[in-house]
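Two complexes, one shared chain (chain A), two partners (chain B, chain C).
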Partner chain A sequence: MRTIVDLISGGADIGRTRVFWIGFGVIVLLFLLYPTQASAFRVSNVSFYLLNIPLGLGMALLWGYCGVLSFGHVAYFGIAGYIYGIIAGNMSENTLGPLAGVAGGLLASAIVAGIFGYFVFYARVQKWIIPILTLVLTLLLETFLGQTAGYQWRIGSVLLGGYNGMTGIPWFRLGGFVFEGYSFFYLCVVVVLACYFGLRMLVNSNFGQVIVAIREDELRTELLGYDIRARQWVVFVISAMLAGLSGLLYVQWGNYITPSQVGLLQAVLPVIWTAVGGTTSLLAVVISAFALNWVTFTLSSQGNQYAMVIIGALLVVTMLFFPRGIIVMVAEWLGRLIARRAPSSQP
Partner chain B sequence: MDVLPLALSLLYQFMTGAAFFFLAAVGLVIILGMMNIINLAHGELMMIGAYTATITYHAGVPFWLSVILSFFVVAAFGAVLELLIVRRFYGRELGALVVTWGVSLVLGQGTLLFFGPFMPSIKIPGGSFSYGVFSYSAYWLILVLISLLLVLGLWWLYNRTPYGLQAKATMQNAEMAKSLGVRTSRIYTLTFSLGAGLAGLSGALMAPTLTIAPFMGQQFIVPAFITVVVGGTANVIAGAVASSAFLAAVKTPIGMAFGAFSGTVALLLAALIIIRIMPDGISASLQKFFNRRAGRTAQ
Partner chain C sequence: MEPTIVIETRSLSKRFGGVVAADNVNFKVPSGEFRCMIGPNGAGKSTLFAMLCGIESADSGRILVFGQDVTRMQAFRRVRLGVGLTFQTNRAFHQLTVRENLTIPQASANLKNKEAGQMRLEFALDAFGLDPDDETKAAELPHNQLHWLEIAMVLVGYPNLILLDEPTAGMAPEETLQTAKVLKHLNSTGLTTVVVEHDMAFVKDVAQTVTVLHQGQIFAEGSLADITAHEDVRRIYLGRA
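After this line comes the complex of A and B, so read on.
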């Protein structure tokens, strides 16, 4: 029976030395202290960078560890966000409304991903078909949501709102406690940490070893007696729910969502975070998702027209010159540097 | 209402629908089938074709000449793209998908910054005529004809020319082809360039029917990729033709009855069902069927 500590410090992610964990602890502490030093506006911005991390982690799990690429994970982000808006908006008098919205949103992304995943994984389609069809799904969702303007698209008391989006989505609340501003920031920190450690345990578990084996060689893994279709399906649903989690936090953060959240320009972002971070490391994707959200948010809030050109060029450069990811390659270089300084501390 | 005009109108809608799917996908399938590379910048290559046609047309070049010019401009662009970027991703199909998506972002946004959000449109040549209560666009009938000519031309290219023979050899076994003296890297460049050129040609051909804008390429993503997924890679040209016809047969009645969006949803559902039944697409199943028949007659 392996303990939680063994699972977390297994070999499936970078960062296993004592130096690393001290640094990790310091950074978490800095995040926890951040609201005492920064304005509410900055804290809200940092909340936004954090809330996208589960979406990136879902991509890292699916693409990096399982070898299945999805271009449409923002669809699950959007589905969860819209369902939360519908449920919580209709139950605005009830204190349990937001909780029901969270459950409904996660369930909806899991169901859509489950149906979609059944068709592609149980058909054993070629590798390139899954990203194409996921992209088609999210573009259709955008088209559908875009034409929901007007009063005939009212669910209970909530308007879907077409391209103007759904507005007035309630904050998340537990009983009488409402998560907004600083408390929402702490909610994001806790969710990100829980997702990261949960996934780190998952990829170091037996299940995680098998999904890495599927990535390396599907046929060989199957011949060892594993049902690869079921495992790919499970990973797909988990990563869709992580995307849904980000969607839930997003609508709770901004209290609105528009169809462009599931559009082409958003769909490429999780792929970029994962590619730039490095597909084989959860931690690298956490760092790059945070950093790239910071960069794009800053660029686009300044009205910089070059934001998407820069992001696209970054993706091309990463794929050409840093195929294992920029953060992973930097981390490996740092690791070698530390190992050279203190050869005895390495096992 | 008479039956004949209605039947003719349905046939017209079906044929123009199939031509649209085929034109949207033709450049993509050539590159996919021969090189196993999915070019996510396909829509942007079509956009560049449309821009080339629009700019040259408004500079006074006759429309059909500007269409042909678009083919060569985008083909040259495709060759550069292959030499600089795509070349490094042979054998890594997921990597190729991701990097071409980056290229598509740069091209789309770059066009927006360079040319602005709007371009003057091209007047649809040919006019229209009507039969019964339905009206028909002569230009779309010409596009149907051009699609058929393209099918014939591609069949001729891949079955009757030295390039086609070498390309097929490279596709089946690149190492062997290389050792027999085929310059495979040149074949790859030529094939990518041809696929890009065809995308540019299609974009230019459809330019009069569309709004010319930097992100116009996005509207081809769904039809082009669904055509490729349904068609499969066993025999790309036959696959593209069969799947264009199939998708038009799905979309035309559903789109007529329930609106354009329902028609597009039906396309995705049809694609999911097709890959569940035939994971390698229609073309693989067709090929199996004909092989079996050929085997039976040979016995």
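After this line comes the complex of A and C, so read on.
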């Protein structure tokens, strides 16, 4: 029976040595200390970079580990965000409203992904069609939400708002404690760490090994006695819930959500974060999701209209020169360098 | 007392467009037998295997495994009944390590057969020279070891019946001999074995019964001596000496 430590430090992700974990701890500590040194504005920006990481991790799990590419995971981001807004907005007088909104948002993204995934995987839809179907789902959602501008699109006291979006979404709160500003930053840190360690345990478990086997060869895996459709479906739902988690954090961050969050541009971003970082590493995707959000956010906030062009160019460079992802290939290179030096340092 | 029938087909048929891959095949393998299936290319051997393990569905007829009708059963459920299969083209997980290849099938192992299965697995790993803790990528293994690794992966599931599609394809004569030696030993422990093979030296070494397929039908069946003496089999497949 493997322990939690074995599962976290297993070989399914980069970074297993003591030096790595010391470095990891230092970086987490720096994050925890960041609000003491930075302005509220900068802390809010970093919260934004962090809140997108679960979406990226979901894509890494689904695409990188299970071999199923989705171009529509932002649909679950949007569903969770909108459902949270509807529930928490209608229960604004109730202290349990935001908690109910979180539960409802996650549940809604899981249910939609469960139904969609059931038809995709149990009908044995060919793998190359799945990205198209997922993209269609998110574009349909965007189109639907875009036409909800009228007063008739009111659910309880909450207006869906069409392309203007849903505004005034309440902060998340537990009892009397409201997560806003610095506390929201810490909430993001905790959520990211929980998702990262949870997924490390998952990919190092027997279940994780089987999903990697499915990625490598579906038929061989089935003929080792595994129901591959059930496992693909479970992974799809988990990754959709991770996207939903990002959606929930997003609506806390800005207190609004618009249909563009489930549009084509947003749909492509998690795929780019995963490809640039490296599909076979959770850590690489954590780093790339954070870094690329920082790049796009910084460029966009400075009025640079070429932010997406730069991100697109980065994807092309990655595909041409770093097919396994920039961070993964750099980590492999560092690993080889350390291994070469280690024997020579022996007496 | 009649031996238990491990796998059986009744009037099994399959067509691919105008091509008849299986035509009213009635095939029966008793428990503990080492059966070889031979026949010219396109005779329907691999299609029959694909139907037996559930990769292809039959147009008509029935398939029974340990007396249970599995004709419409999903492939993974048949594996859980104790059927293991290796492919004509090697399908070990090439990008994973030897250890991972041997760990992945563990969770679906047929635990009712654990005692015998564990002994068979340990024997095969030892005889094939495979280390279950080896962190070498499967893709880096020599051709013969890659085939042996896939056989070992199937044995991790503790099957009662193994279907091997050309297990010695591309092997050197001494590697073929080693494969035959291991498979014969596994069979001697009661593991029912069905092999599709073109290498007649291998077939002569291992087969207790030989089934000859031709144009999707069972053309002849019997002991090796019967088959090699069969005039029509010599004409269509073995060649006249």
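Following the convention adopted for this analysis, the second predicted complex is superposed on the first by the 341 of 347 C-alpha atoms of A that agree within 3 Å, B and C clash if a C-alpha of one lies under 4 Å from a C-alpha of the other, contacts with A are read in each partner's own complex, and residues count from 1 in each chain.
Quick note on the criterion: a contact is a pair of C-beta atoms (placed from the backbone, for glycine too) under 8 Å apart; a residue touches a chain by one contact, two chains touch by 3 or more.
These figures come from a predicted structure and were not determined experimentally.
Aligning the two structures on chain A places chain B and chain C side by side, free of any clash.
Across the overlaid pair of complexes, the angle with its corner at the CA centre of chain A and arms to chain B and chain C is 70°, in steps of 10. Looking at the shared chain after the overlay, A:Leu30 reaches neither chain B nor chain C. Note on chain A: of its two partners chain C and chain B, the one contacting more of its residues is B. In the superposed pair of complexes, A:Gly312 makes contact with chain B only, with no contact to chain C.
Once the two complexes are laid over each other on the shared chain, residue contacts for A:Val212 go to chain C alone; chain B is not touched. In the superposition on chain A, contact of A:Leu96 is made with neither chain B nor chain C. Once the two complexes are overlaid on the shared chain, A:Phe119 sits against chain B while remaining clear of chain C. In this overlay, which is a superposition and not a single complex, chain B and chain C have their closest Cα atoms 5 Å apart.
No residue of chain A lies at the contact with chain B in one complex and also at the contact with chain C in the other. Here chain A touches chain B in the complex through residues 63, 67, 69, 71, 116, 119-120, 122-129, 131-133, 135-137, 139-140, 143-144, 147, 264-265, 268, 271-272, 275, 305-306, 308-309, 311-316, 319-320, 323, going by the rule given at the top.
Contacts from chain B toward chain A in the complex involve residues 32, 38, 85, 88-89, 93-95, 97-99, 101-106, 108-110, 112-113, 218, 221-222, 225-226, 228-229, 233, 261, 264-265, 268, 271-273, 275-276, 279-280.
By the touch rule above, chain A contacts chain C in their complex via residues 206, 209-210, 212-213, 216-217, 219-228.
Those residues of chain C that touch chain A in the complex are listed here as 53, 55, 74-76, 79-80, 84-85, 87, 91-96, 100, 103-110, 153-154, 157.
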